[in-house]
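Okay, here's the structure, questions in a sec.
Per-chain numbering from 1; labels A, B, C and D assigned in written order.
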Amino acid sequence: MENSATYLMYIPLFPLLGAVIIGLMHVFTCKRPIFEKFYGIIACIGPILSFVLALRVFFNLKGMPEEGRYLIQKAFTWFQVGDLDVAMGFLADPLSSLMLLFVTFIGSLIHIYSIGYMGGEKNYAKFFAYLNLFLGSMLVLVLGDSPVVMFVGWEGVGLCSYLLISFYTTETENVIAGNKAFIVNRIGDLGFVLGMSFLFWAIGAHGFDYMALKANAHHLAPGVALTVCLLLFVGATGKSAQIPLYVWLPDAMAGPTPVSALIHAATMVTAGVYMVARFSFIYAHVPVAGSIVAWVGILTALLAAIFGMFQDDIKKVLAYSTVSQLGYMFAGVGVAAYSAGIFHVFTHAFFKALLFLGAGAVIYAMHHQQNIWKMGGLKKKMPITYYTMVIGALALAGCPFFSGFFSKDEILFMALANGHWGIWLVGVAVAGMTAYYTFRMIFVVFHGEPRDQHAYDHAHEAPLVMTLPLIILAVGALFAGYLNLPAIFGGDQEVTHWLAPVVVEHHPHVSKFVELLAMCASIVAFIIGIRLAWQRFGKGAEEPTFSGFTEFAYHKFYVDELYDSVFVQPYKRIGGAIRNAIEPNVTDAPIKLVSQLYMMVGQAFKVFQVGFVRVYAIYMIVGLSVMSLILSFSLN
Amino acid sequence: MIHSYLMVSVILFCIGMLGVISRRNVFTVFMSIELMLNAANLAFVAFSRLHESMDGHVLALMVMAVAAAEAALALAVVILLHKHKGKLDTNVFSLLKG
Amino acid sequence: MFEHTLSLMIFLPIAAGLILLLTPAGKGIARVTGIAISMAALILGVDVFTKFKPVGELQFTEFIPWFPHVGINYSLGVDGISLFILLAASVLLPLVFLLFTTKEKGYYANLLIVQGAMAGAVCAADIILFYIFWEIMLLPVFFMLGLYGGEKKIAATLKITIYTIAGSLLMLAAIIYLGVAYHSQFGEWNFAISKLTQLDLNGGVATLAFIGFMIAFAIKIPLFPFHTWLPDAYTEAPTATTFVLSAIMAKIGVYAVIRMVVPVFDEDFARFALLLSLSGVFGMMYCGIAAIAQNDIKRMFAFSSASHMGIIALGVFTCNVQGLTGSVYQIIAHATSTGVLFLFAGIIEDRMQTRKIEALGGIAYHAPVFALYFAIALLASVGLPGTSGFIGEFLIILGAVKFSPFIGILAGTTLIIGVCYMLWMFQRVFFEKDNELTVTFKDLTLKEGICFLPVVLLIIVMGLYPQPFIEKIEPAAQIQLAHLADTQHVQVADSVNAQDHGHLLELNK
Amino acid sequence: MVHLAKKSIKKGALDIMFADWLFILFTVCAVLGAAGLVSFRHPMNSAMSFVVTLISLAGLYALLSAKLIFATQLIVYAGAIMSLIIFIIMFLNIQNEDLPVEEGRLKNMTIGAVLIAPIGLFLMKVVKQIPGSDTVVVDPNFGGVKEVGQLLFSKWLLPFEIVSILLLVALVGAVVLAGKRGINK
């Protein structure tokens, strides 16, 4: 078969094998550590090999005719029960190949960066084992040819996210942040599993891989389709940190910075967007579901942007900006602009990874200081980091001709073109806010005077293993946007065309004037945002105090506290009540009753137990006597 | 005819029971039990005569063997108890109290 | 090997146990005997597994007339459902003998008897034979719990005794009713399970008998309001006993429901399925929530085990092949994950002399291998894909959604509830800061590591390549459900004029 | 057979009379002995009166043509067992003060008799309802040593062996129980 490819399974297998090898080495050598770079180099082999294979997949696909452009490998029957037949199968089509490319590329870069960043850490090997495991799981997620296989990767990345967030396990807060991430993700996973179940009972009987599902999607009743869409979207909100399940992502910054860059910015959190795009054949049938997705996305973008404007932890700022950008992506896929959404995933991976790695370099230089109000003036000390980060910030803020501009603008334009005025308006506002908080961070950290002179004196530029990935990513952040240059700039939207066979979307025809107008609105928003930031923070500013609305926003609208008092505390309290009140008093009641009954009867009969053999004989005789009397009468 | 023998058996059996429940002397109680066994033996033999089969005789023999065994054991127990308590009163031995 | 493999698996351990009890053998000899016999059972079990054909009928059947005039016979056989419980017992019990070296002779002897009786209960193809083995299986548990248990062992023994005896009596009454019903319908006595499935049971007494069976098995599983004996018994019992109770014996309850209740009482089962599944789901949630408040690690696992059993039972009550297969698969997965977790809790208790979660912390830094094994078992227990726990849980939820979307959604919460208490426990025991106590924690010895390795590997293999297991389970599951499917068809057909029919019946009276 | 039966009836008149007298004599002795057994205060007196009962019972066995039982009753029971009992009574050297004080003995026995009366009456009622033939002369060898012996060693072999084990156990038990010296002294 021309579409079968036996090498697909090796793409996730390489990092997974790396994880097993490093993990075993760690277990056997953690008491007697060997040369630490050794682990790092082994860890980098897997991702790089996967990247090479991903390139091979890409060029193979490119050589194929557009209609049959997919590669498939069914490794073995995973399980088969009744009608449910799930193969451990891998599918590479334009969508997954695009994801593959940037996941393996950025994954490899971050592995290299981590060799430097994690230097001297105690659990060096463990970190790389987890990182490899994560990459393997992410590749399973991307390549899985059925929702169930995808779910394996889906949960696998959740696990690795948990392990890496709580990587510094001696601190309770880190572990709690990890737990929070895992549990909140699990809430989303519940939606995913239920969505899969409903989907299976509706149309899964003739095969439960994407090919078969896509072929049978038109049999789906509208109500079921809506249910499936919403349940799957619950899964996506968990993984991709959307309202109402976004709360775990800011806390997830407790993990090492490369983790934040790889998992919580570039790859894992975009899995939800990828999943919605994967299921575009269902979402396309249910516009209502799409609108819900889009609105949730854009509201998340707004909310996270508001929070982002008041954070003082450099990583938290970036975390909220990630949530916010993820919101854009969902707005994109929600308005059926799947290629635009995925394209934003693609560009975002570059500039957000870049920003995180840059922030990591800063944190590394400042000896694990993360509060931006303790930094300042680092521009002179860390020029490479500064310039690369500025490129990243410009891309994030949507500066024209940087990658973020093209992708974000595409989303907003598609929202407008498909008639979602509200989403477009909010989107433009958020774009301005994005520019504001991004440059607030840049100005406070790199400009002005140093606020902590001691730390400033010891700050220095990061080593080459760390700056090299920064530079590569900066190049990506600069030019990734040109892959999907819209027609208005003379491009031919290559990514959109590449994805066209997979995702179900249609391009409404809108006049050039509207397109230009929309673009101008975005640019204006960007300029206003960056100007405000310059005014306030450009020349150095002191840590502000908050009151009123700003205080409310600074405390993130008290959402964490709300969740804690509405879900967590009652849960624990019910548990305590069961333990202290219900178990001993209610469910144990019958058995206590029985034993008390026995005790009472026993006490009553104790009277007869006088202890003299003769008396027992008398009892017997009395019994016999009574029986005899009765029998004598009955004999007559 | 046989009925009279059975009547005698019943009477002896009841007297034996009376001895067991109304006396406190260990020896008397013990011999009352022997009396009950003998009453049963008489019934066996009588029935044997009635049915003209000798199985009853065999059973009577067995009962005698059991009675002998019982006598041996019971007397051993009586000696032991007498050694322990110096009394022959059944009321002294009230270890069965719950 | 030869035609009496199953009998050998049953009577070899029982005989060895009895001989140990009757002879003045020391505990060393007892343990060596235990290892030898359980290894022999393992070899026999593997032999059965490799020769087992993936079809639904009973295999390896043996038949010896016992009381033929009342239709009670010594007849054995395994199908895809009992095979795996048999295997779980024979794979996991050698671990116990190998790992726990400090117990007395009577303990090992009792374990051997339990092993044989459990094999008997799952292999029995005659309901009376099943009942006999069921009772034999319970006896040594009382002794092990009552003689070798923890501080509150007497109360725990009393509880488990009252519950199980009550259940057993109800079951006996129901079994006798089945025999009588068979006699009145077919004119002969027969207690073979396959024959009893042909019974046409309806009416009040049949429902009572059904309830009798269900209560007996609900106590053993345990299903929601009958679970109260479990936390005490699991907590107070010595580790190996808890392990046997949770890993295998509770599963025999589920097995019995699948094997005896589903095909025999098809109509009543279909009628009560909703109520039963609610009980399963509610039990899962209730015990899962209770687990988070426990500060005794073993007690927490006890509640967790009860919570999982609720889900496993739910799989049976969903009345479809996905749910049932998932349930059987989850039985093995749960035996390997939670069972092993109980063993690990035992190891912690042995080394730290405490089971209090608060007293622990930071074990992972001093025992990385132990932490790794523990984490794998824990992840299987919370149903992470790639471990054995996921396949079963997914199939059960899938089946539950088919059965009723509402139940399905509730069942899905197991994903969340399980992870909450497990992670919180893991955090407080393995992470955070170590203290004076846990600094002294010794990692697994080489022997322990090698003993646990096959089980840990099994957890992963069963998650990645479950098909060899599933292909053996599924045909048997289909057969058990065949009756149910017929009943449901009839019910659908009858439901239209059911009311008129009822009136007619009353008129006839 | 018919011939034999006729002969027995003809000859019976005198025999029956004589046997009846004997029966009455033995019965009275047995009952009186039994009454003595339960009512005497000193066990020695009880034992002597029990011997009377046993000998009377032996007579009754003889009347029932149970020759072997008649002999064993006299030799084993009245002889061996009773001498053992009397021996023990004398061995313990029981004085009057050793005996338990049984003040309400008469009252007790009256109440006991009232209790037991229904049992006795019921048993008698049952006995009356047993369908009994009038005495038939049995085979002269009935109850002889050879016949009973043959039966004992063929049909009743297994119970016989079990009884022998029982005796052995009793023997060992008695040795163990009574053989302990110096306990509680």
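The rule is short, and it goes like this: a residue touches a chain if its C-beta (ideal position, glycine included) is under 8 Å from a C-beta of that chain, and two chains touch if they have at least 3 such contacts.
The model shown is predicted, which means the values in this text are computed figures rather than measured ones.
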Distance-to-centre winner among chains (Cα means, whole assembly as reference): C
Rounded Å distance between chain A and chain C, as computed from the means of their C-alpha atoms: 36
For chain B paired with chain C, centre-to-centre distance based on mean C-alpha positions, whole Å: 56
Rounded Å distance between chain A and chain D, as computed from the means of their C-alpha atoms: 97
Between chain D and chain C, distance of the C-alpha-averaged centres to the nearest whole Å: 62
Junction residues of chain D, two or more chains touched: 112, 115-116, 119, 123
Shared-contact residues (touching 2 or more other chains) in chain B: 17, 21, 24, 90-91
Per-residue overlap in chain C, given as positions that touch at least 2 other chains: none
Touching pairs - complete list by chain label: A-B, A-C, A-D, B-D
Chain B residues within the chain D interface of the complex: 1-8, 10-19, 21-25, 27-28, 30-32, 34-35, 38, 41-42, 45-46, 48-50, 52, 54-55, 57-58, 60-62, 64-73, 75-80, 82-84, 86-91
Chain A residues touching chain C - in the complex, by the definition given at the top: 23, 26-27, 30, 76-82, 84, 88, 148, 151-152, 154-156, 159, 162, 166, 169-170, 172, 175-176, 178-179, 182-183, 186-187, 189-190, 193-194, 196-198, 200-201, 571-572, 574-576, 578-580, 583, 587-588, 591, 594-595
Residues of chain D defined as touching chain B within the complex: 23, 27, 30-31, 34-35, 37-38, 40-41, 43, 46-47, 50, 53-54, 57, 60-61, 64-66, 68-69, 72-73, 76-77, 80-81, 84-85, 88-89, 91-92, 94, 98-100, 102, 105, 108-109, 111-113, 115-117, 119-120, 123-124, 127-128, 130, 132-136, 138-139, 142-143, 147-148, 151-152, 155-156, 159-160, 163, 166-167, 169-171, 173-174, 177-178, 180, 183-185
Chain A-facing residues of chain B, complex: 17, 20-21, 24, 29, 90-91, 93-98
Residue numbers on chain D that touch chain A, as the complex places them: 112, 115-116, 118-119, 121-123, 125-126, 129
